[in-house]
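By letter and in written order, the chains are A, B, C and D; residue numbering begins at 1 in each of them.
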Amino acid sequence: MLTKSEGLQLYRSLLLIRLTEEAIRSHYHLDEMKTPVHLGIGQEAIPVGVCHCLPKNAVTFGTYRNHALYLALTQETDRFFAELFGKETGLGRGKAGSMHLCAPGQGLMATSAVVATTIPLAVGAALAHAYRKESTPVAVFFGDGAMEEGVFWESLNFASLRSLNILFVCEDNGLAIHTGASDRRGFSSAVRSVQGFRCKTASADGSDLSAVIRATERLRAEMAQSKQPGFLHLTYLRFLEHVGINEDFAVGYRDSPSPEERIARDPVARFTAQLLALGCAQGELDEMRTGVEAQVECSLNRARDARLPADEALYEDLLI
Amino acid sequence: MLTKSEGLQLYRSLLLIRLTEEAIRSHYHLDEMKTPVHLGIGQEAIPVGVCHCLPKNAVTFGTYRNHALYLALTQETDRFFAELFGKETGLGRGKAGSMHLCAPGQGLMATSAVVATTIPLAVGAALAHAYRKESTPVAVFFGDGAMEEGVFWESLNFASLRSLNILFVCEDNGLAIHTGASDRRGFSSAVRSVQGFRCKTASADGSDLSAVIRATERLRAEMAQSKQPGFLHLTYLRFLEHVGINEDFAVGYRDSPSPEERIARDPVARFTAQLLALGCAQGELDEMRTGVEAQVECSLNRARDARLPADEALYEDLLI
Amino acid sequence: MTTARTYRDALAFAAAKEMDADPSVFVFGLDVPDHKRIFGSTKGLVEKFGIDRCFGTPLSEDAMTGVAIGAALSGLRPVHVHIRADFLLLGMNQIANVMSSLRYMSGGSLRLPLVIRAIIGRGWGQGAQHSKSLHGVFGHFPGLKVGLPTSPQDAYSMLRAAIRDENPVILLEHRWLYDIEGPVDENHLPLLEGPVVVRPGNALTVACTSWMTIEALKAAEVLAKHGVELEIVDIRTVAPLDETVVADSVAKTGHCIVADYDWLYSGFSAELAARISHRCFGSLRCPIERIGFAQVPCPTTRPLENLFYPSAVHIIRVAERMLGLPMIDLNHETFYSYEERFKGPF
Amino acid sequence: MTTARTYRDALAFAAAKEMDADPSVFVFGLDVPDHKRIFGSTKGLVEKFGIDRCFGTPLSEDAMTGVAIGAALSGLRPVHVHIRADFLLLGMNQIANVMSSLRYMSGGSLRLPLVIRAIIGRGWGQGAQHSKSLHGVFGHFPGLKVGLPTSPQDAYSMLRAAIRDENPVILLEHRWLYDIEGPVDENHLPLLEGPVVVRPGNALTVACTSWMTIEALKAAEVLAKHGVELEIVDIRTVAPLDETVVADSVAKTGHCIVADYDWLYSGFSAELAARISHRCFGSLRCPIERIGFAQVPCPTTRPLENLFYPSAVHIIRVAERMLGLPMIDLNHETFYSYEERFKGPF
């Protein structure tokens, strides 16, 4: 069970992600953030929950849908927004944009715009830890579509072969852009599809932060005991279009969620209810929201005011 | 149960493969066949048995270890040897060599020297049949090492998704060159590793022709009923080195088989015993051997006498 | 019959035409049948020909490339579509080890009539992994045909020709060309069009690929005001390459810029420059200049992206230098950008 | 200390040296620790450093390339070995979409010190899928270093330098060089050696990669008997490329052949020819000639294979044409073949 203070801290993380994404939504039309954005509204509980269960020195990898993961790990928004604005002060000096964020100092080693490509990198990091006889765990986050890429299976095979300490986190929104799972999968259950390998598996409702934490903790315990990698399957609802800032339920490729479903699949709403049940006061939560709003607002303004990289930067950062 | 005449026909096939490979072994040192050879001694019963269960119009794909498959399908040795000798009359006008044999007229569409690469091609052929609403089955033969390549999993996923009529035949000799399965596999059972996909599976002792036929027939029946692809796992002993004509048990990366094991894993010896039990006379078998020997000898001589491609051939056969 | 069409419509129209004529033609790839229809370039196909002939796939570029080959070997004519050329790198083994050599290795007994369509070019800060062109890389491997249609007519004729071709053909389409409108003669012979002079001139030959043709036309417009007439050759089919049109032009102008939409290093610009340097040794009055991407991965941020991509301005500046002209004041010229893409008519 | 070593020994020795010096260096890849030891080039490593630092892998080139990147990001220095360069095409997405651009995209905060070693070149009728070189293709993507060591000393120094380099380095080793013996100074500075004049001459510059250097030396030996002195430059590091040594040589000789061990089309030969044509515009007395693979997949049968591969004979014939010499009778000369590979000393 979570303590109240843990709960509040997690809540802040969820909120930071949500409000950051909402800030992007409201400022994007100004065309100052010249980078495609894959937003994480609905996805928040997955990185927040999983990273909560990892030690501070854990190493993570993600995809182009990486805002939630970055924020969950760092709570940082200055360099984040600066990157989205393409500024010199951004995480990648503006060269990365939204899709390639990384923050090696905080353990986020790499993210990538080519589906599934960071999965073997994560395995390589896990191998490095085994090589140095370190216990540092690795977690790699990827969408359900990534399981269709051969490199996922190659990576799973190698991690299972070498008994690596790596958690494969499948963030399953049932969609690859606009294509549903039934048009892409030759298997009926993601979890069962990997169970032929020497790995441990678990699944949970990825919209429910507590469920994510429970599943992750259980899986990590099994991994530790068996010395096998883990595969964590978490479902969630992608509230927005694949890339961009709008809802697109009306377009027709999927059903619009009912009002109940909207709440059930909203990690912030669900966790708020749990916190209130835990005895937190609404005022406490509101106060936290005000603080987060201020952080986001302030970072956004700083990012806007920051300077763009100078021309010379074009040829910098290539080779050492 | 096989009839005697079927049995004799199958025996001829096994023998043709064996004696062809032995002929290569005895002539290779003359350095006239300037192509690397991956011989199929020990493997014979797999293509012979599987192809026996397929209709004449079946389409097949294989690997660089393709002699047994080619011979099982065609019973032809003239163009085969000509290819190994690099002659104009060879299957690929000498451009293919041993590793890239194909005979589209007899259904062998392609083989390849890059592990696992013909697997998706076979899936494409199966898709073409489904597209044209034809029932033509496809079988693709590959080594156990191919299962480690991502493209195997991508292909299995797509075939399962589209319910294609394709038989994946894993020829498992437990080796990839000199590396044993336990150094390569993150799974404990090849068959179980694929069972998460919507496909049917079967396995058998690939050294035992009758067992191969029984397993193939049963699997094909299940495939027909379920409209699912099939995965057939067949084990065998590679008697020779990975590439080349020699035994290499002495080298040390694997144990030398006992005399009993040698017989148990020799498809020709095992099937001979079964035929004798079925009431065939040794004389009949000996006579057949004489005929096959003559065929091989004759093809070999023809190939030797054939002419090499002319210089102009270098730029031919590229684009139409 | 000639109609005004956008490039994207021309692509969809060409596919429909060939699918109509030949039931063995089908179009597939990630997101091909979704409501966005690959920026509209597969519009109408699923309605007209059904999901069996226009379908999506799992995310499995390697296997799907092999599937296209296998289907082609089986007598079909697949058109495999990719929303970014970068993803083709996942299918590189099938492309360079299998597709390019299967017919040759079979001594001519196999045929692989298949088309790969992939989109190249610039989006909204697409960055390093969504910006590759790769035509030089594909052309490097014998056994593949590689084309870059520029005008709507090219898009129409070249896609039709590619589908009818008995060989593997890779077509790369620049995203910014999609909006261009131009006359499309639907009876125009389907041909993998080779190099063509799209603007005659006498001062300097600019040999271009894809979007660079548009930039070169813009450069020519500016330079013409100053009495300098560029001759612009659009290469269109880069492999197999027939450089004769460029050589003839250089024989006349004595000056040559190769403006390629790719990195220079061992790219198509290197091949063409090496060939023209050889063939026009006597007529070149100064060294051939090459213009292409900056030799770094594509950065996301706009100011660096603007430096990364070659443009009309680069062409003007290089032309001035080669011809010994004073620098033109470009302050009052408008150049293309994401927001101000050329829309046509071509 | 200078010892005579074969190229293969020099490779194994260099790896051992670096593994000794730095525990973060490890060597892995398919069949790396088996008894054949990648044609002997990983000999002794597993005995000395154990299976944790010299290990085999499953057949998963795509993932294993990513594993190398991930390990490098984590502070190790992987050396990933491939018995054929063709198999690297399976890892092309990781190489060209990830490895080449990760550091750049991170604004310099990531570093990827990793080495890929792959064998190129001719075997016993290896055919179309075991014969690619790919250095031009790799060099095309900014962010990668690409080298082709020719002598045992190069093999030693360049592999050591590659392992110490903070960037991804791809080294391509020709199979026929493995038997060559030559002096190896083990204290020679580990350097990704650039172009070097391996034979001085005045008549014509031959710029070569890898095995073509050996063929060019043979051609020079033959031509020298007829009073023609070739100057031979071994490029060694093709990316990043510094063409100065070649340009200086051409300034002297006025003639240039680029002899590359690859297809010509958009290959390294195109890049070098384009640069030298540009830089030596005034000093070239006739067009640069390029020599490389025939523009078809590599055929298996020997007579066609002999036509496919460039050789000393090609170099001699082209040199004769360029210099306006009569054709030399080559009947009594012996050239290299599978059976008569050059063994050294270098």
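One rule holds in what follows: a residue touches a chain if its C-beta (ideal position, glycine included) is under 8 Å from a C-beta of that chain, and two chains touch if they have at least 3 such contacts.
Being a predicted model, the structure only gives us computed values, none of them experimental.
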item: Of all other chains, the one whose Cα centre sits farthest from subunit B; value: A
item: Between subunit D and subunit B, distance of the C-alpha-averaged centres to the nearest whole Å; value: 36
item: Euclidean distance of C-alpha centroids - subunit C vs subunit D, Å; value: 31
item: Centre-of-Cα separation between subunit C and subunit B, whole angstrom; value: 42
item: In subunit D, residues with contacts to at least two other chains; value: 57-58, 60, 62-63, 86, 90, 93, 97-98, 104-105, 127-129, 142-143, 296-297, 299
item: Where subunit B touches two or more other chains at once, by residue number; value: 90, 92-96, 100, 112, 114, 148-151, 154, 157-158, 161, 183-186, 318
item: Touch-based graph of the chains, sorted into line, ring, star, complete or other; value: complete
item: Complex contacts: residues of subunit C adjacent to subunit B; value: 26, 52, 57-58, 60, 62-76, 78, 93-94, 97-98, 102-111, 142-143, 145, 166-167, 240
item: Subunit B to subunit C touching residues, read off their complex; value: 59, 61, 90-96, 100, 102, 104-105, 109-110, 112, 114, 117-129, 131-132, 150-151, 154-155, 157-158, 161, 316-320
item: Interface residues, subunit C side, partner subunit A - complex; value: 30-31, 34-36, 56-63, 86-87, 90, 123-130, 294, 296-297, 299-304, 307-308, 338
item: Complex contact set, residues of subunit A against subunit C; value: 34-36, 86-87, 90, 92-97, 99-100, 112-116, 145-146, 148-150, 176-179, 183-186, 251-253, 308-309, 311, 313-315, 318
item: Contact set on subunit A toward subunit B in their complex; value: 148-154, 156-162, 183-189, 192-199
